[in-house]
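Below: a set of structures, written as structure tokens.
Next, two complexes with chain A in common: one pairs it with chain B, the other with chain C.
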Partner chain A sequence: MFGYVLKRLLIMVLMIVLVSTMIFFLFRVMPGDPTAFLVDPSITPEARAQMLSRYGLDKGLWDQYLIFMKDLARLEFGSSYFYNRPVLQIIGEKLPATLILMFSAMALAYLIGVLFGAWMAWRRGSRLETGGIVFVLFFRSAPTFWVGLMAIILFSAGLGWFPAQGMRTVGTPSGSFAQMFLNWDFLHHLILPSIVAALYFMATPLLVMRNSMLEVLSEDYVEMAHAKGIKPRKVLFRHAARNALLPVVTSGALFIGSAIGGQVLIEVVFSWPGLGREIVTAVTRRDYPLAQACFIIISTTVMVMNLVADLLYAALDPRISYKALKG
Partner chain B sequence: MMEKVSRVKRNVNTQSVFHQFLKNIRRDKLAMVGVILLVFFVFVAIFANSLAPHGARDRHYNEARKIRRLEPPSLAHPFGTTDVGRDIFSQVILGTKTALTVGVLAAILVTAVGSVVGIVAGYYGGVVDVIIMRVVDFFYAIPFIPFVIVLAAVTKPSMWNIILAVSMLSWRTVARLVRSQVLSISKRPYIKAGRVAGASDLRLMFKYILPNVVPLILLEMAFMVNWAITAEASIAFLGFGDPNVPSWGQILHIASSTGNARVAWWWVLAPGMAIVLLLMSIFFVARALEEVVDPRLRRR
Partner chain C sequence: MKFSKRTPPVVRLLICTALLITLMGQVVLAAPAGEKVPAITILSSLPEANMVNYEMSQEAVEELRKLGVEATAQPTDFAVLLDIIYGEASDYDAYTIGWSGRIERLDPDMFIHSINHSDNALPGGNNTNRYRNPEFDALADAQRREMDINKRREIVFEAQKMLAEDVPHVTLYSRATIQTYNKDKFTDVLNLPGEGVFNEWTPFQVKPLTEDKILKVASNVNIDDMNPLSSKSVYGWRNLRLIYDKLVRLSPETQPQPWAAESWDVVADDVVDVVLRSGMTFHDGKPVTVEDVKFSYELFINEKNEYFGSFLSPIKSIEITDENTVRFNLKEPYAPFITNTLAQIPILPKHVWEGIENPTTYPNLEAIGSGPFKVEHFRTGEELAVSRFEDYFQQPLIDGYIFQIFAAPEGVLTALELGTVDMVSYDLVPAHTNLIKENAGGKYSHLELTEAPDIGFFYLGFNIDRAPFNNKAFRIAFAHIVDYDLAIDVHLDGYGARGGGGLVIVEANEFWHNPEVPVYDKYDPDRAKEILEEAGFTWDSAGNLYMPAE
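On to the complex of A and B.
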């Protein structure tokens, strides 16, 4: 167990180095001069050169890369061209908002998905199942950002139930963590984006649960439970659903990568001050340090979650040992 | 002898897939609806230029010579007008072409690369497999939308670059699925028989194994069309699309960036519904195919 985790962590570090290298060179071939944003064009050439050397942009590409890697090892991401503050500080401010939105959406999606998926398998072949499939496929087909726009039209602009953007009402205090996240105002802002995100996330757990349930329902022990005269609902949730849950948990791993993409779009639509929205604005502003740090943090999050899902899989299914995972 | 048997088996397999698929479509009402909708969309895409009543950027004026600013749907403009008096109906029709072009081309590219990589990894196994799967793992660690945003910003905004960006990150899924299928197929006796009979590796991979994974590949291709269309729309929505090519994502981008998305519901509703209907029709068709690939899903 320990050896396996260690090996996975080592691979992860290697992957982070590779991803960071890729992103470093990608940003350097980008068209557009980052100095145009940094330095007033009317400035004298001497002052411009001074600015460039301050940010290390006068050095060769290879030297820049070495500095970048050394800094990465020390978790030093430099300072943002745009904000003129350490990148890590900005990410630290944005990350909680992203994680809270993502986890509340996922919890909601898995809860609805698992229950609804089990129910759909149970009602296989009925009209209700067809209706359910159309419903699920609708939200799987609809781009998240569009559902978000429609939700804003309906529930914010139309009915006025929820605020359309941001995560707190303008003017409320925003100093401490509690002031920002632990209050009704924040929750009120959280509801609409997390429901929209959950509708998008829901399809994967739901369809996996449904297929896995169909498989489990044809097993002998389910028939046996029926034969014993156990109430259908009890068979559904006590006997079948428990065993069908496993693939749902593991499917989470592969789905996290795409979930983060959806997250970016949701954050843009709802002006949610998170990491996803930050990477979009950073790229348009050609703010290299901030954009590449956001990217590295997001991919690291994906990798960590993949590892967690794998470990969870092994912990939940006694048939899978760490040895099998290695192979 | 074995050689003959395997050939017969192969032919039956490929034929029955198509047969089963047609049978599923005839039986499954949703799949039928999907086929009809899909044919409709393809028709609109092919004849988009003649079907669109106006140009995407034409401005329209009313009787009083004033710009038709943000008009809700009417007979003259079935999907309403934008803030500068452009016809949304025409934009949606022209966008169909972009969506389907990106979807189909990216899907072909992705499945071609993914299938070849998957077959090679699954067939050779050993070191080749390990190396390829590590590369696949690497691509899995890259978050899709953030990467595509960066790539779209690095390269000039154009439809081709979006196709390329989508393809670069999506072949991994196909490769992984095809590989696991090939792993089990290459252990079957008829492969061994073929090898004994002197068939080359290439022949074994593409004449013996490939036909057996074709249904899976087709299914993945259908999903990839949807994936690519959504990705293109997302990129265009974020403002990294080609400004000169009308697309559904771009319509939504302009609606939202001009701050009109909250009021002008027609501006948001039409292109979004187009995406939803197109993707759903492909999902419905894919479902009929899915039942061929995985017999357990068949209706009892």
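On to the complex of A and C.
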């Protein structure tokens, strides 16, 4: 087991180097020069040259790459061109907002998805099952910004139940983390965007759970449980669902890896000051350090979560063991 | 060609005639003395970025084709376009772009000197039309040196006339600034050209109508940072200008007036004395002194600030002549010194900044200035909240304001509808202007739309280093194939101002605009043809246009 993890970690480091290299060169081949976005094009050529040299962009591509890789090895991502502050500081400020929204949406999506997925498999062929599938697939395929806008029109502008945007009431003074995030005002702002995001994410856990349940339900031990006279609901949740959960858990781990990028549109529609929105503007502004750091962090999360999914599999299912791979 | 002896004379004759005709034909074809007018590619905007520029380029292409010129419009991403027109290779024929009407551009120096002087007609320079005219250069230099404002105005008028006759570019249109505010909560809101409804006079002019005296301003662009030495965005500066004070302000009528300065005195053409207003303090209670003024200007110069670089470069030295007077010695007379340099450079507290090792990269999140507002809190990408500074010499009519960042204009519209914001700080998108105007269901009854002309302009630029744009008659003819009224009436729904050949200072900039320009601003394709003919352009039988003989 330990050897397996070590091997995977080594591969991961190699992958990060490869991905970082790709990201570095992708930004450099993208047309457009960061000075154009930082200062009006009306600056003098001398000022532009001076700026490029301050950012190290006057050096050759290869030199820039070496510096970038050296800094990366020391986990130094530099300063954002636009914000003039260390990239990690900017990301640190934005990450909580994104993570809270993501985990609330995920909790909702997985809780409801798993329960209803199991239930739908149980009630296979019923009208409820058909209706449920149509429902989740509708929200999976509808553009999230459209669903978000509709939700705002209905619940914020129309009924006035929830605030339409932002993550707290305008003018809330700054304070500690608890004062900023652990209060009713923040929760009130969180509800609508996390429901809209959850509706979008829900199809995966629900359908995975349903399919996995259908398989499990045909197993002998389920029939056995029935034969023993155990109550149907107990059979469903105690015996069948627990075994069907495995693929849902792994899909959940992979979901976390991709969700930061996946909820960009929700952040835009609800003016949620998170990292997703920041990535988009960083790219359009050619803010290389900020954009590079964001993409490297996202791809690293995906890789780590892949590993976590594999390890979870082994932990949850005793039949799977990575020892065999060593031999 | 050799004829064999066997070739019959009749055939010989026929072949000779054929040869002759072919030769003559070539002579006739070559009769248009010059070269064929090279094909023109207009680098236009992407339709989603600027629909009007895109449409106007398409129409210019149509008109060029009618004149017998091969032309195409190539929609180009903004970043790519900047790369091309500012790049080393200078590989372009024509392009569409615009100059935004920022407040410091009310001074004519930018639009006369920076974008038309031949010194800047190099790769990376702002004269992307590559216009080179020694007579014009002399005028552009003279207006910069003339410290008497009325004499300067005459020179600026003359320079505008010359541009209108030389047509280094064709101005297509100016866009009107349409913004909105909640009229149930605030009144006396002024929409200033180049600045909009959230301008530096807003705090002193808007009157709250309710008990809520905190103005909530919506923005769809982030504030970059709170450090005056490194902030590089218009939106950042709209706020920093209210936190950090300046010696001079431009009045709403665009005339310079003393502000943190009590007065100024142009001692000689290259020496300006500024007397500091007494009794001012910074937000931390320390007094504002001439030491702070000298320190601030020198800090900006020593840190090689890029944003204000052109305003600072004329300063030779700064000295304190008595306890409330600072003397600026200039390298040479520089007319925009009062309207731009003194009106833009903020006063920083020396006691805060002198101990900072690397001032340009200092985050400065608590920004301490001497302006009318002090920072309450700033959360990147979320909001900036400021409150009235009680010790300021002129008290604002509001208790503070909150500058709120939205991700998209749709969110702002909802917030306006719900009343959670009071004012926008950017130009409304046309769809939203129409929604508010239609006011379906009375949703927007509390909103007032205001319109102000812009001092910026959008234009179609030429590369004068290339044929056919090196030919002045061709450029004048080009000014006749642009339908200026179509741009306004159809593409801008009437919210804008007309362009014209070589127009740089538009009518909205009342003091500096020469009413005699533009000279060529009528859509008249027939006249365009006449102009080309008079200048010696010719057409072949297929209708292709040829340059005049060398």
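Operating definition for what follows: the second predicted complex is superposed on the first by the 303 of 327 C-alpha atoms of A that agree within 3 Å, B and C clash if a C-alpha of one lies under 4 Å from a C-alpha of the other, contacts with A are read in each partner's own complex, and residues count from 1 in each chain.
Here, contacts are C-beta pairs under 8 Å (C-beta built on N, C-alpha and C of every residue); 3 or more make two chains touch, one makes a residue touch a chain.
It should be emphasised that the depicted structure is a prediction, and the values quoted were computed from it without experimental measurement.
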Exercise for the section: Return first, second, both or neither, reflecting whether A:M150 touches chain B, chain C, both chains, or no partner chain. Expected result: first
Exercise for the section: In the overlay, answer first, second, both or neither for which of chain B and chain C A:F295 touches. Expected result: first
Exercise for the section: Identify the partner contact of A:M106: answer first if only chain B is touched, second if only chain C is, both if each is, neither if none is. Expected result: neither
Exercise for the section: Considering only touches as defined above, state whether A:I195 meets chain B (first), chain C (second), both or neither. Expected result: neither
Practice task
Once the structures are superposed on A, label A:V87 by its partner contacts, choosing first (chain B), second (chain C), both or neither.
Solution key: neither
Exercise for the section: State whether A:A164 touches chain B only (first), chain C only (second), both chains, or neither. Expected result: both
Exercise for the section: Return first, second, both or neither, reflecting whether A:V268 touches chain B, chain C, both chains, or no partner chain. Expected result: both
Exercise for the section: Examine A:V283 and indicate which partner it touches, taking first as chain B and second as chain C; both and neither are also allowed. Expected result: first
Handout entry: Intersection of chain A interface sets (partners chain B, chain C)
Key = 31, 149, 152-153, 156-157, 164, 268-269
Fill in the blank from the handout: Touching chain A in the complex, chain B uses residues 30, 137-138, 140-147, 149-151, 153-154, 156, 226, 230, 233-234, 237-239, 249, 252, 255-256, 261-263, 265, 268-269, 271-272, 275-276, 278-280, 283-284, 296-297, 299-300
Exercise for the section: Spell out the part of chain A that touches chain B in their complex, as residue ranges. Expected result: 11, 15, 18-19, 22-23, 26-27, 29-31, 124-125, 130, 133-134, 137-138, 140-143, 145-146, 149-150, 152-153, 156-157, 164, 211, 214-215, 254, 257-258, 260-262, 264-265, 268-269, 276, 279-280, 283-284, 291, 294-295, 298-299, 302-303, 306
Exercise for the section: Could you pull out which chain A residues touch chain C in their complex? Expected result: 31-33, 36-51, 79, 82-85, 90, 93-94, 149, 152-153, 156-157, 163-167, 170-171, 173-174, 267-273, 277-278, 281, 286
Completion exercise
chain C residues touching chain A in their complex are 77-80, 82-83, 86, 99-100, 102, 110, 114-115, 122-126, 214, 216, 222, 224-225, 227, 230-232, 304, 306-307, 309-310, 360-361, 363, 376-377, 379-383, 385, 402, 404-408, 410-411, 414-415, 417-418, 420-421
